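You will see two complexes here that share chain A, one where it goes with chain B and one where it goes with chain C.
== the complex of A and B ==
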């Protein structure tokens, strides 16, 4: 069995270099500096074990192909171009048929269906060496969950070829928007990372803002004007039950995020016009104040190890990024470029901070190292805002709002190289995305 | 002084007339049930009416970009608001702070809170009991004007004093 090469990271750049399979090397996408040449791949329809499985077998193959192609690291060779056919999952692969169309990677699979249960088996092939990458695997679940099974297969394929964790079997909490700018209706919603399976969690009676997933993806923190005043709520995603967190009369609490322990919430509390950062034990409601400056201290986000918090403050006169210990204390400024920096979010790998930057009337999504070095702007537009990290720390989702009276909000993803900017399909306007961890 | 007042009045009426009043939707302010401009009760000819407060005195002050300090015109208007509140003690008020769209969501919420509090502190300094004045920020969530230009942004960077039910309520 040919093992794919573990990819080595040079710095933090994530640039695909297509496999040198023709030269006899193993199939891989090497993550290094270089020119992108997406790897051609084919995913023929999976083989159904019965007529009842035919449709889902085809759908699963389509979702796997869309996941892989959506990364920008792979290029699908469409079915019309296929010469070979896979009609028996266990029959030997006719590699010549796939070489002829220059498919470097081939994903084959079979779907069996029994009542409401669906089982998906798959294999990944290095076409030019004729070897299997990794071992065949299978996932089983209810028929309704076929998209998740497809995402799990795609995660495994991505992972075997890149050596990186995948991000397809994940969800995104966001704010669904409709109506004109001066009467915008906002609803909390959740969907698969690719925009499928949208579920609304609140009605549009109150403004809701900035949902944030818990570390295990079971709960969402968000801010709502339900009482007329901004308050933080925690919502159980499975049960769609919510409760308001403790707060003081005459104050505004907002900008919540979970600590990695899933038990502590860091948030902003405004009193008398001044906004500082606090933490709260979500069970006891006990709070501790972390900052006390006569400035706007907000948008806190924990490091993955829970030891530090990155946040924004205008204590210097303009919005800038700072890092402080998770217990509070000395905050060190890390942003020093031109313009204003806000909404910092620590990457799941711990190496980078994503942020929103405003400079000369434009908005950017960017990343920098946690010491502020190597700032890189990934996007530019009239209004880009609110980055959130894919579970593998390689992709960022954010909201873009267009200019003018008819301005609309759309979610986009972008690679941390700044490449592969793509809109996420949502039923209407969408903002404030929060990407979940990979599902179990 | 008088000309400034007239100018403010003209601007305020224009702003109110062009406003759908939708920013009130999510507050817990009491609907005073009036049919006057902007929904305030009574006739603006009656100096004790909320309509008079809204139209003749002016219910809002505007702010410079990323600022929460009151300018001279704002202080003049708020002095009149304070006088009205001092002589119409049945009313409480919620001061709503707003920002324009040029800013990140959470920062703008905090900025709106600064603006609302600047107004509250001024009214208190003029003798209005703090117990009658609440503040809330809508950040950039409830713009009045929706063009992406300074002419609209200037009207959106505001703090609006919204009269609410009596102290007993």
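== the complex of A and C ==
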């Protein structure tokens, strides 16, 4: 009887739906399957207002195109394929020319130069709709800072098309490496996210580890073995001045990371063979112990709101990930897969945790929800480690080391979908990346 | 014995009695045909047989000539309006909303399909054409050049059409042209008739003759105008809020699926943010009759699951999909245009999210 009633109700619903669809209203369809492919775009050379601006106008357009194409979300249509020419920034766009080459987004711009000052204006167009995305925008700066202006334009374009923030106008602190593995020289360095403008912050006299940007991007925490013991330093990036954070005699401090407020540092402290997590107020130097287990608790990372800390611990017997309140207390294990989990980093969006996983002799970079669900491994190689998040929480940079005594360490980026794995150009070997927030 | 049993027994008894006595099992006789038969004696039979043998000796009656096929009227000649007669005609009657026979005659009667000679297999073996004749659709007699002929004649074999084809050619496979091969040339539009003065002088003979054709047209025009006025009045009387129901058969599931697949192939969610991928947008669009979306009509009808900003990104991706894949027109049946003139597409990216 129940089955009969169910059949009747289903039949009635179908008939009612069919009748509703034919009652003179619009035809209704539902689309649940789409495609995931890079969006074709075109960035014709920006229009210079004078011969002096010609070169920089072209360079800016190239950097914008490289930024967008490097995300894997966009595909540049090369200039050779362009039908239309943009010779006047204010002239109406001939959309048919760009539709013909299937450019879905178009970036037009103009560059004016006056002495050492450069001004960049641009517009973003949705070609098939024939509409402008957002309004025209203008950046001005010194001629030397043209790359930053190009990155800012690319950020704005990215944001207008995808709806999320960009990450191009950002920097990366890393450890520059040279020499064989048994005599490797390490220096603290900083560069643009794309590998340009590398600056070295320390010499290679002592080993440095794990640089970490402050939330405002003006300082870097790192661990140095200058004294033979690991000590934590704070480096002012703009002034290249540093100071050591106080620590107790006979202890080792490492794995530091800023809290979102920029005034507190969370780090690991080894004392008497036991490693626990502490926080320190930078100004006062006061420390607070957050964990007190006989296991090794290390690699702490704050959530963006500063309320929780994710860290790794071997308290269960193997290295796993745990989350605890920022004030310490009960830690909840979130990783339950096979293998060992380490170096967790909370996403700037707060929704994911990136980690390094070692399983069956291979290393992976992966992400999982903050409750441990939906674990997804993005890479697999001989040695992948040290993930760091792009400011928009969409891309992860990490270090990959190849096998052998002369194996090289290279930085890579990968989208959180696991697509678009790309190496980052650096002058030599590079490891331990730390991505800064977007610059002001 | 209980009362119920007694009642049951009595009732059953009554029922059985009625069944046997009342004719419940009686059925009507089956219908059959009746034919009268008369018995005749042997003498009578011989006499009838002898009469029929005598009648065979009589000459057969002359076959009557076949009635001449009635000449089908030429549709062209029918459609030509009758020429105006030179004699004066009485004043035209008031226009009546009736269709003139000239208009009805404009549609020619389709000619009957030609009779096929032998394009099918004969039900029984037929004799092959004469040995000296070769198969040919056109039948020709054999020509033998005569020696004494004044003019030289070209030798020609006799030909005859095939008696039967090698395969059956059905009527469905025939390419009979049923459409009229000629159509009447439309008459030139008559000059607009001036409004007659209240008192007009009697028209001369020549004027009346030239006005005859225009009067016919004017009558038709007035009739159309009257019909249109009536229709418009009817439309005004109807309830204005009631939308016109789509005419024609509804969209089939296959046609809807084809449209869905067409839009899906251009719906690129690769560049959407996570928030936009969590947003379902309903996009309304109107299509022109050639299946092309009208860009200015694309709008977001509603959205759910995300912020306004995310919905905006999701809508822009959906709009790109509609415009891109509809640039050459969606493949939709024109006869059902009323059904797909306005479309609401729900873009649900739930299955496209990162898992």
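Worth a mention:
Basically, the second predicted complex is superposed on the first by the 405 of 440 C-alpha atoms of A that agree within 3 Å, B and C clash if a C-alpha of one lies under 4 Å from a C-alpha of the other, contacts with A are read in each partner's own complex, and residues count from 1 in each chain.
The working rule: a contact is a pair of C-beta atoms (placed from the backbone, for glycine too) under 8 Å apart; a residue touches a chain by one contact, two chains touch by 3 or more.
From a predicted model like this one, the values you see are computed outputs, not experimental measurements.
Once the two complexes are overlaid on the shared chain, A:356 sits against chain B while remaining clear of chain C.
When the two structures are aligned on the shared chain, A:104 is found in touch with chain C, with no touch to chain B. In the superposed model, A:229 lies in contact with chain B only, and not with chain C. In the superposition on chain A, A:161 makes contact with chain C only, not with chain B. Once the two complexes are laid over each other on the shared chain, residue contacts for A:28 go to chain C alone; chain B is not touched.
In the superposition on chain A, contact is made by A:210 with chain B only, not with chain C. Of the two partner chains placed by the overlay, neither chain B nor chain C lies in contact with A:238. No residue of chain A lies at the contact with chain B in one complex and also at the contact with chain C in the other. Within the complex, the chain B residues that touch chain A are 20, 22, 26-29, 68, 94, 101-107, 109-111, 113-114, 116-118, 120-121, 134-138, 141-148.
Every residue of chain A that touches chain C in the complex is listed here, in rising order: 18, 21-39, 73-74, 99, 104, 126, 128-130, 133, 161-164, 349, 351, 374, 376, 416-417. Those residues of chain A that touch chain B in the shared complex are 180-184, 186, 206-207, 209-210, 225, 227-230, 250, 252, 254-255, 268, 270, 272-275, 296, 298-299, 312, 314, 319, 342-343, 356, 358, 361, 382-383, 385-386, 401, 403-405, 407, 432.
The touching residues of chain C, when paired with chain A in their complex, are 243-246, 250-251, 256, 259-260, 263-276, 284, 295, 298, 309-310, 312-313, 316, 319-321, 323-324, 327, 339-340, 342-352, 354-355.
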